[in-house]
Structure formats: structure tokens, C-alpha cells
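Note that the chains are named A, B and C in the order they appear, and that numbering of residues resets to 1 at the start of each chain.
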Amino acid sequence: MSGGIEIPVRVTQVTPVAHRIKRFRFERLDGGPMPYFSGGAHIIVSMNDNGHVRRNAYSLMSPPYDCSAYEISVLHVEDSRGGSSFMHEKVREGDEMRVSHPVNLFQPDWRGRKHLLIAGGIGITPFIAMMEQFSREGAHFELHYAVRTRDRGAYCEDLVARYGPHRVKIYCDAEDNRIPVARLLDSQPLGTHLYVCGPAGMIDGVLKAGLEAGWPEQNLHSERFLSSQPGKPFSIELTRSGKTIHVGHHESMLEAIEAAGIDVPFLCRGGACGQCETMVTVCDGKLLHNDVYLSDEEKASGRKVMLCVSRFEGNALHLDL
Amino acid sequence: MLVEGIKSRPVYKGLSIQPRSRRHIFALEGEGAHALLERKAELDDAALSRSEILYVARGSQAKGYDEALRELGAQMFFAGPTIATLLFRLKGTLATAHMGTRLYIAGTEGFIGQAMMVALDHGMDHASIVTEHRGSLARRVQCVHCKGITEDVTHSPFPCSHCGLPLLVRDHYSRRLGAFQGVNIDAEEPGSAPDPEELFL
Amino acid sequence: MAIAFKQETFRDDFSYRNSPENIRRFPFPFDRDEYMYSVNMEPHVKGQKGTVFESLIDVDEHYIAEMHDRALVLRDDPLRYQALPHMMTAQWDTLELLMEEQAAGYPEHFTLIRNGDRWRWINRPLGIDDTFTFGDTATLPYEPLEYITRQAQGDFCIVDQRDGNLWMDAGMVTTQADWSLDFDIGMNFMEWHGPVPLAHQAGVFDRALKFLLNLQQGKPTRRFNWTMTINPRLDTSPENYPKWGADRATVTPENVGEKVHLRVELQSLWRLPRSNAILFVIRCYLMNMNELVTVPKWARRFPRVLRTLPPELIDYKGLTRYRQTTIDWLSKFDDGAPTSPGPFPD
């Protein structure tokens, strides 16, 4: 498959962590070491749901220098298309699965004099691995972590215990306690880099506040976990392979094309990396671009589409595949 | 050997004021003072109250720019006698600065390069620094052979002020050294160097 | 099988030569009779025995001599090795990669024993047996990148990835085709390729950058580059141009075979695990024209390629003074017969 080399693994531990959040531990079937990775990296987990293959990206949260296993945490999303439901309801300890090599689209800027981490909810996961790495390498960091309620906040107590309350600060919505973003932005030493991961609204808000506080965009970093949104079913014509593909309500174009046995390159399956960029040859209707990779001009041109998260409404869509 | 049209040649986009900055630091050399004075209208009292102007006259001695800059009414104003004194002051300012601070540099390329190096040393990203080229086109050039830097180079080829080799000045530019590259022009046939041409006045 | 390492020099008396077996495995880069510029990237996977792809980090009969020459270059000019402070994690990544690949490819010459963070590295050709703590620079005599690249053939650059670009932030560069690490360190992909003619306009670097930004762990890639060098001199640095530039004017019809060398760079690019940086290996191979014409296919093809080179590249590669003399000399070995496709000897 085109997302890179897959590693066959066994699920060796499933741990409930908080309300609707479970942690999964993967060890190699052959007993060998997992590849090392860098904080902020994700893997693609392939789920075989009765012959229907889903692939979701999850941030690695185990220590990057521990190659005995990989760990991820999965939030059971309310209106899940199936990925997180599958992980929560079907995956058991002892199951065999496949994961990709790690890919990092949220790498810390190693030049940073200080790293200011802002997490919301399940967006904490990439920071758990990052902090392990910062800590081991003696880098200066601070985490500000917002959770809705204490029982929904994963790893709050562990992280405070591990790094101390001066470096890890928890904010709980239910207690009317919010991250004082504006104050934080105004008090950071020159050379600080900010990283935010969480719900889309939070990411947008923090990045906007950063620019308003006069931060240069080079110092503002984010990772969005875009997932393919459900939508009306539609059909596409693949001009080179001569196939017609039906994309179902809960399916992405990428998944439907893969299910038809056509290999398409991908890395993030979340609209960010650009690997599955595909040329549109005919578009009679409206492309629903949901990615953050294509520029506004490219989206408006209607000539390119990212198969992993975007959809289509209309009469005919032909792709150069 | 490619001499011109090299992509590492810096582009100076002009001194546009970044209104959202919490603090503005202007490092100005010679005619670079004009780059700021011409934007007086964009500087309201609020911006000036958050501004620090550092100035060295050099080629613009006795043109009265220091008075004009002082009269802008920035919160802090410093006029230094040399580039070195200005850079020392700039280091002090950046050492305690916070994010939200914007650095603006205007003057000759040699000055921009040196002030930029100070900023990089303090963790600023070069792309966030606002620059404008004013005054002479003279270049700061590093001899790739002896590593000596020659300031205010106006001719190519020119003799390296350290090792004496005749150097061709290329558009290849190192931000880390704040200098263009000078390469021995007659290495393949010593003594065959062409006459110097005035290219960077 | 153990490699028979040669005693030879890349300076002064220039005693460097290739054995007949080494000529057969020379990575001749031209797969057709004319010059074509392209991104030409392909997966860096192991190839057949008797080629330079036998191992992913190639060690050959020149290993000891090349490492000796590197030590001489560094003794005169320590700035040939530099690393910006934020590259330390990537330095350790590189040390691991080069030790693992050399030990895997040449177990009779190199051994790596890992016991947690306690590592023992045995390099028999150079007589090194060191035990150190992975991640602790105080346990090595040099920074990790300098330590391991004093023991690996080729130049090494580590590029950091940020803001949608690649930044050359560390390197060991002593066998380069006329570019300066000291000058270029800290530059981005477009900037350090600035002096290369034609390719920018053709969009070559835009495509290459896009490709490399998504380079994956465990899937290294490679490409070839080439130029020509007078005398088997590894260190054709801009720093020392006054020392070697005049060599270009010494080529005569009588000495082409000895003096003129084809210089091939096998460039491999590796995503590094802990830093997410990319290691750029630039491995240099030299072969003089006497050696080249021992392979009839290459003797026919190389003058044909040289004839079709665009003027900008003749200038960029510094061939102006001796290209025609070389073509004339090589043409004696080109009977005009067609050549088989691909680069390998028949």
C-alpha cells in the first residue's frame, strides 16, 4: 500500500483512560523493535472491519526513545464514521492489526528557546511524546491543557506528577477555568515557539490570538486532526483506470478508491500532507474542499482535490487516476 | 561560475509597520533613517510609545537625521557612533525582549546583514524581520579562501583586504555570515584577473 | 568477503587508482548517449552484488585512504565540519544509521554491540574500539556527527525540516564538488542550490523539495550527480580553489588518460527517526579516463554525453578548459557502434 511500509502488530493492552478515551498498546508480531520516532509523529492504523479497511491517523504518545511498543489514545467520537467506534467496540487485547511507519507533520522547531504547548482534550496526545523528548534533551517547555470536565481529561494527574505543576497547568471548563491565552502570549521570551492541538475552534482561536499579539507565523505551529466528514453519497469516474467508484455516506474518496483495488499515495489521511493530491479532469458540480493543504486559489480553480477529506456534490466528477 | 541571479540573494521588502506588534525596534543606518521617517504617518502615538529607535549615522553624518528621528518621539532613542556600538545596544535590547517584538532594519546591505545576525542569535526567525535597503549598494564580502570579511566593497574583482587574492563577488549570500561570497577569479590562470569594475556603488 | 583496502593518496603524488574489480562496480551515471537533466530520484534499495548498491552505505577499497584524507583536510581547516546547536538529536540519529548500515553490510570490518544506551563500536580497518553512551556527547571524543563521519566515506549533510522547507544545518564536507559548507550552512533548499544554473527555471528544485518534504522513514531515496576533476583530488573545495584551480590548465592530449577523472556523486537521502531531519549522503567516486575506457560501452558513451552538454553546465561544472581535449582523446575509443540501454557494463 502506498502509505509506506506497514508493520504487523498485536494489541497487547487496551486501557480505559477517561470518559470515552482508551489507550492501545501495539507490539510487533515478530517481537522486533518498533522504529524510533520524533515527538509529534503519528501513525496510520489499518482496521479491518469485516473486509472493509479503514485507516485512521493517531498521534504516537509513547516515549519516542522506547521502541518496545507504540501507544495511542483514541477518543470515541460521538458521530464517528466508524474508525473510533471500531477501535472502542471491536478491538480487543491479542488482536492483530497493521500500523504504518511514523510520519511527523507536527515536528517541534528544535531551535526554540522555549516551547509553549497548548492542548485541548484529546489533542494532548502528540504533546505527551513531545514532552518526553523535550525533557530527555533538556529543552525548556510548558504545557497548558484544557479539558471539559475532570473525568474527560486524559492523563491530567499523570502529567502534573511527571513534570510538576510549574510546567503542566490544567484548565477545566466545568470549573470555569480557561487558558489565559492572551496573557501567555504577551509574556514569552524571544525565541519561544507555540504549538496548539485540539478542537478546530481552539486551534483557530489560539493562532489568531498569536498573530494579534504580534507573533510571527514562523513561531506558531498547529496540528489539526481533520477526519473525513460524512456526507451525501456520490460517484466518481477514474479516467485512467476506467472505473466508476461509488463513495458512500460514511466513506472518503480515498477509502472508496482503495476498496476498488487502486493504490493511491497517502501519509496523513487528514488533509495536511499533500500526498493524495489528485488532478480533476471533469467537474460538473461542486467540490467540497475540506483540506488545509491546497491554497485558496488551487481550491477555487477546481483542478485539484485531496482525496482523503474532500467530497463532491453534483452531476459528474472525473479524476486522473 | 554563476555570478548573478542566485536564489540566496536576499530580498528586502521594505519597512512596513506591523501594527499588531507589542514592541517595535528600529535599527537604522545612514540613509536607512529615511525609510522610517517616510513612514511617519503610520506611526501613531500608541505605536511610538512602544518603539525603540537605534541609529548610526555613518555616511549620513551632518544630514540631521538623528534630530529628525529623535523628534518622532519614540519611547527610546539611541544614536551610536559606530555600527559596533549600535549592535551592542541591540543585543542588550533583544536579550530581555518578549515575543511580539518586531525588528525592523534599514540601511546598507552590510548593516542589514550584521543586525540580522544579532537577531538570529537571539532566536528570531529571519523571515519575521522587516528590512529595507537604503544608501550605498556597497557589499560586505567574505573571502571563501581566508574567511576574512571585507566591508563596503564597490568593485568586482577586488583584492581581499586580508589575503590579497583578487576576488570575484557573487550574488551567493550567507545570512549566517551576513556576507556575499568572494571567490578567487584567477585561480586557474594566476595573473589573468580582469580590471575591477565598479558594480556596487 | 573482506575488502582489500588500498594505501593511496588524493593529493601530492596522487597515487589513487581503481582496481579492475572496482572499475566494474563504478556507478557510471549515464543510461543513454546524451545528457539529460532530471530529478532522477529512485528508491535507495539494495542492488546486485558487484555494484555500489550492494549495501546502502557503500564501503570500498578506498575506505582507509579516504578517511586519512578527510583527517588531513580537517587538520588544516576544522570548519569543514559544522553543526548548528539545534541539530544534536539529528547527529545521534546519523551516528546510529551509519553504524548500523556499516555493521550490517560489512560484519567482518565493523561491529556494533548495543546494550540499552551503552554501545560498543568496533571499526577494524581504522583500529577503533570505543564504548560510549548513546545520547551523551561527553562519552565520545568528537560530536557524534563528526565522530562517525570521520569513519564513513562520502560527505554528509543534515537538513532540518521546518516552514515547508529544508535547512542545511549540519555537515561534514571534505570531498565536495566546489561548494562551501561554512558558507552554505543555515541556508534553505533553494538558497544552497542557488548557484546551480538552469534547474531552477525548469522547476526541478520545486519538485524535488516537494518530494523530499514527504520523505518517509524506512524509505530512503537516491539520485546521481556528476562532474569532472583534474587529478584524483577529493577536496575540490572553494576554500582551496587557488590550490587546485590551476590543475584545469594542465590537461594535454598526452595526459588526459591519467589526469582527467569522472567524478560521480551517489546521493542518498534518509529520513531520520528521532529528529525528523533528513540525512543527505553525498558519496563521491573517482575514475580516470584510462580506467573508464577499459569498459567499451562507457568509452563510447561518455564522449557522446560530453558533446551534448549545455554551455551553462560546461561552465558550472568547470569543464571549459579541457572538455574538448577530453572528447578528442576519448573519441579514439568510440567506434560509433550503438550502446546498450542502461548504465551498466555489457
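Odds and ends about this structure:
Throughout what follows, contacts are C-beta pairs under 8 Å (C-beta built on N, C-alpha and C of every residue); 3 or more make two chains touch, one makes a residue touch a chain.
Predicted model, so just to flag it, every value in this text is computed and none were measured.
Among the inter-chain contacts, the highest number of C-beta pairs connects B-C.
When every chain is reduced to the mean of its CA atoms, the largest separation from chain A belongs to B. Each chain gets a centre from the mean of its Cα atoms; for chain B and chain C, those two points are 36 Å apart.
Between chain A and chain B the centroid-to-centroid distance comes to 42 Å (mean Cα coordinates, whole Å). Chain B has residues 125, 127 in contact with two or more other chains. Residues of chain A in contact with two or more other chains: 111, 218. For chain C, residues that reach two or more other chains under the stated contact definition are 163. Across the interface of their complex, chain A is touched by residues 18, 20-23, 94, 97-102, 122-125, 127-128 of chain B. Of all residues in chain A, those touching chain C in their complex are 4-5, 35-38, 40-41, 64-65, 101-104, 107, 109-111, 133, 136-137, 218, 267, 273-275. Remark: chain C residues 79, 163, 180, 182-187, 190-197, 200, 238-242, 244-246, 248-249, 315-316, 318, 321 touch chain B in the complex. Interface of chain A with chain B (complex): residues 111-113, 185-192, 211-219. Residues of chain C touching chain A in their complex: 84, 86-89, 135, 160-163, 210, 214, 216-219, 273-276.
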